[in-house]
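Labels run A, B and C following the written order; every chain starts at residue 1.
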Amino acid sequence: MTLFIQQLFNGLALGGVYCLAAIGLTLVFGVLRIPNLAHGALYMLGAYVTYFFLATLGVPYLAAIGIAALVLFVVGVGLERLVFHPLRNSPHTHHMIAAVGAMFFFQSLAQVIWGADFRRMDTPITGSLHILGAEISAQRIVIIITAVVVLALLTWFIKRSIHGQTIEAIEQDRTGAALVGINPSMVSMLTLGLSALLATIAAGLVSPINLLSPTMGDALNLKVFAIIILGGLGSLPGAIIGGFALAIAETMTSTYISSAVGEAVAFIVLVAVLAIRPTGLFTKAVQR
Amino acid sequence: MTLLEIRGLGKRFGGLDAVKDVSLDVEEGRITAVIGPNGAGKSTLFNLVHGFYRPSAGAVSFNGRDITHSSPHATVAEGIARTFQTTHLFDDSTLLENVLAGRIVRSRSNIFDAIFHTPRHRREARINEDKALEALEYCGVGDYRHDLASNVPQEVQKRTAVAMALATEPVLMLLDEPAGGIPEEETADFGNLIRSLPQRGVSVLLVEHKMSMIMDLADTILVLDHGQKLALGTPAEIQSNPDVIKAYLGSTKQEEN
Amino acid sequence: MSALKNPRNIGTLALLVIIAAAPLAFGDENYIMRVITTGLCAAIAVYGMNIILGFTGQLSLAQGGFFGIGAYTVGLLTTDYDWSFWSAFALAVIGTAVVGYLSGLIALRTRDEYFAIFTMAIGFIIYLTISRWEAVTHAHSGVNNVKFPEAGDLIDFSDPTAMFYLVFVILLVCVYITYAIRRSGVGRTLLTIRTSEDLADAIGVKVGLSKQLAFAASAVFGGIGGGLYASVVGFIGPDAASVDKTFEFLMFILVGGMGTVAGPLIGSMIVTFLFEFFQDFQAYRFIVLGPIIIALVIFAPRGIVGYLGGFVDRRNRRRRIAETRSTDEARGAAEPMETTTSEETK
């Protein structure tokens, strides 16, 4: 039982990270109609930039994440301007190929600056809490709390602020939104920036637990895509539910079956969803 | 003889009835038309017959065979062809190549025939080319066969779409607003093309907004409103039907003005 | 047939003749022959990618994985299990066909971005398996001393020139198959799917089945390329199955031209030498190549052969249009004018 509670909290913490990473991806899909295959690379870059501010410049941990998130926001906006915007009228394969190009560029860039070796990010948050007999590290508690706060802020942003509402409007109806005077390209920039920002927060939070490497985004890429396909491409609640579901399934199978199965869970989920309903489990039937 | 038999067909989208309890007989050698205001479920009906949507209720049979749950490529193989409301053509291909694509469903040669250049492959290539050309000529656009689809006028595109459907050797053709976007003075010409189809052994089920064209062409008219049957009859019966006048014809006249 | 009158085919043949003559120029330089031969192995895999991406319009990110399956089947069987090259190679082909066919069962139900995501997952899982399953694949220590093909006393395949010609002949078959597909109803079927799946469906094309078979075929080409590659270089590591490989293939096909007969070969040759040129910067080359690939899809998505071929096609079309018009007496000379204007307005 203690082990179960322990793993449940681990799963929740991991779920928070997955949610933050997946929400940006699903928003980008909803607004730009493209699967950003470079999303994992943005996450990786976010981790390294956080590391740079924390370890190299000595900025406090949470501030380092914040600054890195802003830096990545700019990177995301740049990615939209320089890569996806020029391709908005091209066949769908083209922007995916371009995204793969961007992915390799970011990976290679990180490798040049920080090297190919694994790096460890130390966190000032130490110690642990005892809940129902299980020992939960403070870092995981911080992850869960931050994730909940950021998700709440994001929901508020989308429901209440002008920019957020335009994102939602465009997600629902692109041409209609253009008719009522919303500038789609402005919203595209904002959305990609936001997705990079959220991915960076996720990466900054989880990095003290995992190690940093230029290829750390590859595995995450598979997982976030599994999540948003499970939750339905473009669906915010779907990404949140899917994120926690996948994370808990992953930690539980790793604990009770084997770590190899745990690693394969994302893949199994992805294949199963596509086999049952190729357009995602929670997507509504769209009239053609 | 009844070619296409639709019985109690229904389709729900998220709790809304797009089509509900529609029954219709399409007779061989005739032109049957479906009319109704926007959103009346005409295109949905086509999509159901053609297999793009799975019906929630009812049955469709064609030539006595049940095709309710057939996929589009199976219904095309059975002999039902269709055109779309907005013209669908392969823009970067010539008209001839477009119509040749319609021959795929009637081709038997496979990749190995292509690799070994078998007699079957050569024979079929020749037959396909002949039939595609014939379909283009029949629709009056043979002269444009080497033009790119994106370079020809709208009317030629519409005719090519009909030629592409003809190339699949259908027994029944579903035409979704075939004359939409065609200038008024050329509508009559286009109507003649449709009228000639039954003599070619191709019966027609038609959705069209141009009321004069419908009344002139159709043998039987089904009026849909909110996904349901409002009336069924000959053009004369429909024109004098008080329900239809109230629900549809009146409003259309206003729209047209 | 008038196949030889078409400048496109003449160009392809000329290219093949030039490559066939490569040993005459570089026969003594084993290193260059090795580079060319590995480039040809990659080209075979790129021809597979051409079927699914170029013809069918579906982005497969699993091609590196299939290349890896081919390479590891040949690599492991000829070393740890002492199979002959040929039987291992045959199994590599069958194996990739089976994996391609089975994953195609799901791939056929997906389209566009779902297809890409699904194949990305397939590619990644193949890479994970190869790089982690140490007991079988030796993970990062890789496989050494992969056998050369056996040919009794007839040919000695440890000679780079002999190996070159073996790969070249297999490549010829791939080029011919691509050519046969392109000019036949099979190619028309795939191109129809690429342009619009809905329209393809509406004219009776079996979209799902065609996609599945195209995917399986592309996997087999990947496996053939990988199997030959293992034997050519003699050593393989998990890199042979990585996403980097898929990226390289993408680069090859983009430079050469998607959906063309000669494109994959031209692209593979040019970019392989470019890679050799950048070899000192091995780890950093993607810093340059990433932006290049982005620039290519934005500014020149049709590739070298795509543009040259487009030029030839346009000229042929003008000539044919003029012919059809002039045969029609009633229309007279005014008609070609009309086409040019309609072309200009578009």
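Keep this in mind: a residue touches a chain if its C-beta (ideal position, glycine included) is under 8 Å from a C-beta of that chain, and two chains touch if they have at least 3 such contacts.
Here the structure is a predicted model, which is why all the values come from computation and not from measurement.
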Innermost chain, where centres are averages of C-alpha coordinates: C
Furthest chain, CA centroid comparison against subunit B: A
Separation of mean Cα positions, subunit C and subunit B [Å, integer]: 39
Where subunit A and subunit B are represented by their mean Cα positions, the distance between them in whole Å: 46
Computed distance of Cα centres, subunit C from subunit A, in Å: 33
Shared interface positions of subunit A, touching two or more other chains: 288
Subunit B: positions in contact with at least two other chains: 52
Where subunit C touches two or more other chains, by residue: 198
Subunit B-facing residues of subunit C, complex: 176-177, 180-181, 183-189, 191-192, 195-196, 198-207, 317, 320-321, 324-325, 328, 331, 335, 339, 342-343, 346
Complex interface listing, subunit B residues touching subunit C: 50, 52, 71-73, 76-77, 81-82, 84, 88-94, 97, 100-105, 107, 109-111, 113-115, 117, 121, 124-125, 128, 142-143, 145-148, 150-153, 164-165, 168
Contact footprint of subunit C on subunit A as seen in their complex: 29, 34-35, 37, 82-83, 86-87, 90-98, 100-109, 111-112, 116, 218-219, 221-222, 225-226, 229, 233, 260, 263-264, 266-267, 270-271, 274-275, 278-279, 288
Residues of subunit C touching subunit A in the complex: 53, 57-59, 61, 106, 109-114, 116-118, 120-121, 124-125, 128, 132, 198, 243-244, 246-247, 250, 254, 283-287, 289-294, 297-298, 301
